[in-house]
Structures are given as structure tokens and as C-alpha cells.
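Before anything else, here's the structure in question.
Chain naming follows the written order as A, B, C and D, and within any one chain the residues start at number 1.
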């Protein structure tokens, strides 16, 4: 049985249907990528899994229990953590306090271990530990948001565009970190990412969403070689682009 | 004279400070100006008198009555959140809609009190009768000492809760980013309801203490204290507990000085004038921190 | 022709020096990139350029006018307009209204004309609206004109911000991470679009992490690290500069960039 | 059932939005014709008060709904207008042709000076600053006995007359109030449908972005603050002549709250909503007159229930101009392509 199993999930915002009945699953210890253009419904899917956005119908099974429409706090306790898009940090808390909030449901010892690990992952956060999170730069807030989601040692980590606004060197660090999170802690990861090539490189499988529906579900390798996917999401080469432009 | 004014001012200030604390707690969590807050101050005092009439006009009656008043006010406050304010939040109503809702709640409570108890001034029997003593030229009553002690204990307790406990961390998280707080596993609605409970309890306690200090209850006591608490909260830097306390004291002392040295008619006017000047000159309040917003 | 000249620009917040002794100049018709690690002070430079922050020391000259103590709205009127890293649209206004707001500085209207709704005023309004429509068509948002801005997908919101900045008819347009949150395909489109903007006569200064976009379209690049300039020059020089590789690009990404892109 | 209900509401709102002018015109005709049926002194007086309160609510809506600044002191400017008219009327026996503009100007000057000092403050501070200003004005009215008559107020403000015509009859006063209301509504609407209006909305939505697009946030805020106070002053000046009596107790902070309630209840930022809110909250106390003791409790409960049932006020969710545009546009699309708006939901 998969760790996470989503079936026929639908999400409406008023009149607009953002997610129109999708099925997906994540096995234990797996990294899965959700691809798609802007507005395809990827972020809505993630939010619906943790009930931050109420699904209008569908079923979400996690670790053997039905978590559809459960309060978010209970879903977090069950073992799902999400690093949110758009730098959802606590601006008037210091970096360290933000990390402590990440361990809201954990014990003191777990938090200590988690914070050590976060600092290893993103050394700049240690330098900024006493600084108010609201005064961090955009990229630093992004790192903080990811680090914070890891403190409570989740079974499943949902990452919403982890590379958004990050410098190239840091992106590499983040993706390395994602792999090591899976390897060392046996955490499964569901990833939404625009940086498709890098994301697929570390994933075992991927889904492609279009207008609220899943149009392709396949292994990462196949997706990387799929003409349609390359055309739609992976783009040309840097040099090619330059030539194309000049 | 000067010293006496100061002591009287501090006593009134204590009451303002207690009411302000509750007020600022709710503002801190929800950025909601809770107009109903001062109503619990009045309701608490009236309920305590009712309970005392039932139980007995002695120290035991007073203590039980106070506890009863606190519990009832807290419960009503928590229920208003569960049944009204929380629903507005859930439906995505604007902040100002919740504000109007609290005005409605205030109107209901204040007028229900008039309906139930009549609009004439009522006696609050002082069960302690402890007398007074002199410090230098000023006279201090033991009642003032009791009020100050209880108030300081409550303030310390609340500061501890907010700064050191998980509950407090949850409150602060909600105030800064509700979505993220949920994602950390914070039970948002539960914490907000408890915040409403605590804030109304403190307000009710303050009403009981001040009622006993003045020995009278009036139907306009809520509105008098309401705008002062509002002012004190902003003066101290809204959302900051120590700020609320200082704000309360400043308003109390200021008032009693103006009443003593200028004219009691202009007492409130000058308190507000000072407040406006402070807010214009130092928008973050006395203790509020200036935050550098990222653009 | 130099139109923007920044020299010895420094800003401190409390004890923290966010930007230190930064020099930059921009000529008409250029596309200039500012890159650097997160927290290097890139957006802070934009904030000083647009008057949101006041520099601690140093000068910013735009066509020989000192910008240091100018209000943001004055600077917008002079001809520098921007987009925001964390999108700042007008949430309760429609897409087209968002763009129309920015025409503000380009139209003057007497109060009496507004109260009488004179012919001249209606004519100006119509012109503002058609200008906004043209811009929306240009960025491909014409179909969304009467939608509310927040209902647009993230990538389109970025485009809307650019259209809005263009409606202010600035000489220099500042783009803060225009391709953030876009996939490679969309990034290529954005790159092409920025070149189009330049060809329309705008001068562009942009902050961006996507090296494909920066190296693909920028004429010159400035690299910031910890608030200080560590390199500047044309793309090829910067790309191979060891200091830049160490602080920003990273060796692995160099590798990765060749496999990936 | 619920879905059907909300669908039919949506249809009604759409119809209303598309025909806004027709609806407004019909309302005007009704307002003009009403005195034929409701012709007692009491009823006409209630209707006149509805008009006065609508002027106040519409002007406050400009500040709170359109610009996004919550004011708890609108009654202060209302009071300043009333006292100006009362003092000019009783001491100098001046006519409304002088006192109405004078009330506007005095309220405007007061707002301008207060705004000059305070309008840069964050919104939540402005709420308390305006509240404080309201209290100060009340206290000055109460204590400056020689000038304002203190708690007794000012009696026998001259009756309304214009160019020798006596306009103090029950009908004349109602029509004059209605005229002032229409003047207020049209002035504010015209402004909001211009580039000034766009700038005001943009400030409400995002101050920093507005400033960066060249909108001078400070001067616009000051302008709206002053402008809305001027109309409150106008309403106050009319009030003084209408009742020929002013007292500090009519212009308290509680009155400000009632005005704010009208705006929120009807739907913040919606002109028709604000007027409906003003009419409801003006009529409610009259309707509850028979339940004197219970009146305030019921009044409060109704506000709570209405807010829980419709958190954005009655019409707050609907921007008629936008609905009109959307309806027009979708018609255009269906005509051209004969297929649903796939693009619009993407």
C-alpha cells in the first residue's frame, strides 16, 4: 500500500475548478515530482492534501488512514509536513524561533536534533539565527521555510517550488539536501517544481498536470525523454536560446 | 497632593492595564479590535454582585462570586468566537466585518445588563474592610494594595504563558501567519477560543476589583474603560504585553493629574490629545518595535 | 549614453550593511543584469533606486538628477518604474485597471473636468484604456482583462506586473526576478519578451537567478555578494570569473548547467 | 436548494449591475414620490434623517470603503458642521446658503489639519486617532460653555429659508435633504470613476505598489480624508437647521460607530450597499420603538446575525462596474465563438 494515495481529488475556488479529479500516489521512500505550467493546479493539489484548501470531493489516504477533510493540525500530527510556496514564514519571529515553530508537535530533543540538521543543510540560517525572519532576503526565507518543514521529522514532505528565488549554488544544495533527507530519514517527498530537469533527475516518478488534470504519469526517466514534455516544460539549451534570440 | 494623585492614578491605571492586556491579546492574535472586550469588565462586576447575593456577603461569597463571574464571562467570550467571529473568519469575511460583529456583541451585552439590573447605580459591598495606611503625605488603602498585587500576579502569569509555553508560541504564530501556523500543527481555532476565554476572564476580574474599589457599579462603566483600554493598548505598542501595562498606567496617571491640576472636564480630552501626539511622533507606541518590512 | 549612474552607494540597517560601496552605470537601450547569492542586497539596490529606502551614503543620478531623497512617486514620474519580487498587484482591481493605474503620471486632469465629466476627460480615459489594452495584448493577457488580478496564475501575475510598469512609460524598467516560478519554456518566452521590451525603447535592469535568462539576454552583468560588488562585465567574463563561481554559480551547477541546459 | 438560492441571487445582482442607471433612476423617482403616500410629519422626518445618514455613510464609505482607512471619528466632523451652522445661524442670523458651505469648510479645515499631522500613521492608529479626535471635539463642545452652550447645546437655530422662501415645511426639508444626498452621491461617484478613483483604489489594495506607480499616496489620503469630512460637515449643517437644536451628545464616538456600521452592513466599498445600510440602521431604531427596553439588545443581535450570515456586508462582494464589464465581455465572447469561456477559467 502506498504511503499517500489521492483519488479523484477536486478543488474549486468559487466558480473556478482548479483541480478536476486527479489520482496520484507516493510510495514509501520515494521522490515524486508534479510538473505543469503555471496555473495547472499543482499548488492547489498540495494545499488540498493538507486541507489548507478544502477539497470539494475525493479521497486522500495517508499511511492507512483517511485524512480527507481532517483538520490540518491532525494531518501534520499524522506525519505530513509542507514547505509552502511564497515564503510563508513568521516575520516577527527570529530565524531560530521559526525553526522552533517547525517542531511545534515535537519534543525538545527532536527539535534540537532537527535544528542542528537544518543548520547543516543551510549554514546561512545559522548566521541569521537571531535575525527577524521578516528581514531575511527572499531566498533566505525560502530556505527557512524548507528547513522548518523538516524539524518535526515528517513521513511525507510536500515541497512547493523549493528552488523558487534561490541562487544556482543554493539550488544544488537544496536538491542534494532533498536526496539526503530521503536517504537518511526515509522521508517520502512530493515535489512541485518548475526547474523540471533537476527535479526529475532526483525523482523516481513524475506526473504532468494540465488545466487541473493529470495528463501524463510515468517514470522520471521516461518523462525526461518524452518529446511532449521536453517541448512543453524543459525548454531548449542555453546556447540554443542565445542563438534563437540573436 | 502630588504623591496622592500618583497613587490614585496608578490604581486606576492597574484596572486599565488589566483590561488592556486582554484587549491586546486578542488584537495580537487576530488583529481584531474587540469592542465587546470592555463589556466583560462590566458584566464581571455585576455577575459577582449577583453571585454574592446568592452565596453570602462575606469573603467566601466574594471569592466564589469572582470565580463564577470569571468563568461565565470567559465562556460567553469563547462562545462568541465559536458561534459568530469564528464563522466570519471561516467564511473569509473582511477584518472590518468581525469588528462590526464585536460592536454588535457589545451592544447586546451592555444593554442586556441594563435590562437585567436596571440603569441605576448599584452598591458593591466591600467584604474586606481593611482600612488604610499612610506613606508620607499620601493615604493608601489596603484595597489598593490588593488590587495592585493581584494585577501584577496576573500580568506575570500571562507574560509567562505567552513567552514560555506552547500555547503562547501558537498564539504568536497565528498572529503572524495563520496558514503557516496551521501547517506547523497549531490548532488555530482552539487557541483563538482559549485566547478569547482568557482575555474576557482577565477583563472580568479587573471589573470586580475596580467595582470593589469604588464600591459602586454603573451602567456606563464599560464604555468609560473601553476607549481608555483601546488608547492604552496603542500607546504601549499594540500586541505587546508590557506595553499594554505601561500604556494603562500612563493613561491612568495622566488622567488623575489632569483632573487634579487642570480641570476634571478636560481630563479625557488631554489624555487623548497626548495619545494622538504620541502616535503621530512614535507610531509604533512606547514599547512597540519598529519592524523593517521587506519590499 | 549613460542615463543612470550609481556611485559609492551604501545602506545600513542598524548594524547590518546591506549594500556597501556599490557602483553601477546603465546606458540607454541596455539590458543590465544584477546577480548574486540570496541576501546579497540586490533587491535593496532596487529599493534605493525607486526611493523606497534612502541610502546611507553614496549617490544615485538619473540623467544628472540626484535621486537620493526623492519620493517613490516622484521617481516613477521621472521615468524609473519597477516590478516586485513578491508580486504586489492591486488585488480588488481587474487586470486592466491594474495597468490603467500606472498611466497616472502620464495624464493630468483638472478637477473641474472630472466633476463635469467633460469630453476631454472622457477622451483621455479612452486613450488610457486602449493603451492598457495594447499592453495586455502584448503580454498575452487580453483575454483576462476583466478578471481580478489574484485569480491569475503566478506566471501571468508576473507578466501583468511588467505590463503595469510599462504603462507608466518609464525610460528605465527594473525587473525583480521576472522568471521566478516559471518553467524553462516560460523562461525562454520571458527572455524573448524582455528583448522585445528593449527593442521598444525601454532600458532594462533586471535581477534574476536563472542563468540561462541572464546569460542569454544581458549586455552586462553586475555580481553582488554580501552587499559588495565582486565582479562586473560582459556575460562570458563573469561566467568564468573564479570569485563568481565560488560565491554564486558553484562548480556543480556549472557542470549541471551544461548537462541541464 | 441553497445552490438555487445563491444562483438566483447572482442573477439578480447581475441584472442590477447591468441596469445600475435604470435602478438608480427608479429609486430616485420613488424617493421623489414617496411623500405622496408617507405624508405625516413623523414619517417625513424619518425619511429626512435617512437622507442625512446616507450622506454621512456615503462620505465615510469614500474614506473607509474606497481608500481603506477606518475612521471612528466621522461624527466629529458631522458635529463640527452642525455647530458651525448653529453658531452662525444663532449669532449672525445667517442663511443656509452661507451656513451649509461654512459647515463644509470648517469640517474640511479640521480634517485637513488633523490629516496633515496624522494621515501617514498606520491604519490601525488612524482608527484610534480619529476616535480620540472625536472625544476631544465632544469634550470641547461640552466644556466651552460660552461658545457652545456646554451640555445644554444651542437652541433655536433659525428655520431653513432661501431667498425669502420658507423651506422649513416638512416636505421642503425632505426634498432639500434628498437634493443634498444626490449632490453627495454624484460628486463622489464622478470622482471614483476617474483617474483619481483608480489611484484611491490602488492605495487601498497596495500602498507601496501604488506609490511606485507614481501615485502620491500622502496627498491622495489627505484629499480623501478632507473631502469625506466636508460632506459630513454638510450633513451636520443641515442637521442643525433641521432640528434647530444641537447638543454634544449627538456627535459622540458611539455615533461614529453607528455610521461605520451602516457602511459595513451594507457592504463596504459599495455605494448602493452603503445607502441600503444607512436606511436600515436609520429605520431599525424607529421600528423597534415599541420595544423600548429590548430595543438596543435586538439592535445589537441583528447586527451580529447579519454579519455572520453575510460577512462581507450585503453588497460588499459585488463591484457593479466589474460585473457589468464581465457580463458584457462574456456576451461578446459567446457571440463571437459560440463556445464557453475556456480561456477565462484556465
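We take it that contacts are C-beta pairs under 8 Å (C-beta built on N, C-alpha and C of every residue); 3 or more make two chains touch, one makes a residue touch a chain.
Quantities reported herein were computed from a predicted structural model and do not represent experimental measurements.
Asks: Need the graph distance between subunit B and subunit D over the touch network, please.
Replies: Counted as steps through touching chains, the separation is 1.
Asks: Given the two chain pairs C-D and A-B, which is bridged by the higher number of C-beta pairs in contact?
Replies: Result of the comparison of C-D and A-B: C-D.
Asks: Can you give the whole-Å distance between the Cα centres of subunit A and subunit D?
Replies: Centres of subunit A and subunit D (C-alpha means) sit 48 Å apart.
Asks: In whole angstrom, what separates the CA-based centres of subunit C and subunit D?
Replies: So the centroids are 40 Å from each other.
Asks: How far is the middle of subunit A from the middle of subunit B, if each middle is the mean of its Cα atoms, in Å?
Replies: Their C-alpha centroids are separated by 43 Å.
Asks: Please set out, as single numbers or ranges, the residues of subunit A touching at least two other chains.
Replies: 16, 39, 135-138 - these are the residues of subunit A that touch more than one other chain.
Asks: Quick check on subunit C: which residues sit in contact with 2+ other chains?
Replies: 13, 43, 52, 84, 86, 153
Asks: Scan subunit B for residues touching two or more other chains and write them down.
Replies: If we look for residues of subunit B contacting two or more partner chains, we find 292, 294-295.
Asks: Considering the complex alone, what residue numbers of subunit D touch subunit B?
Replies: Interface residues on the subunit D side: 64, 70, 117-118, 120-122, 124-125, 127-129, 131-133, 135-136, 139-140, 142-143, 208, 253-254, 257, 260-261, 264-265, 268, 293-297, 299-304, 307-308, 311-313, 316.
Asks: Spell out the residues on subunit B that touch subunit A in their complex, using ranges where they run on.
Replies: On the subunit B side, the touching residues are 166, 169-170, 172-173, 176-177, 179-188, 291-294.
Asks: Quick check on the complex: what are the subunit B residues that touch subunit D?
Replies: 31, 33, 35, 83-84, 87-88, 91-94, 96-101, 103-112, 114-115, 223, 227, 230-231, 234, 238, 263, 265-266, 268-269, 272-273, 275-276, 279-280, 283, 295
Asks: Which stretch or stretches of subunit C touch subunit D in the complex?
Replies: Residues 50, 52, 71-73, 76-77, 81-82, 84, 88-94, 97, 100-105, 107, 109, 114-115, 117, 121, 124-125, 128, 143-148, 153, 164-165, 168.
Asks: Please give the residue numbers of subunit C that touch subunit A in the complex, ascending.
Replies: Against subunit A, the touching part of subunit C is residues 13, 35-40, 43, 85-86, 151-156, 177, 180-188, 191-192, 195, 209, 211-212, 215-217, 247-250, 252-253, 256-257, 260-261.
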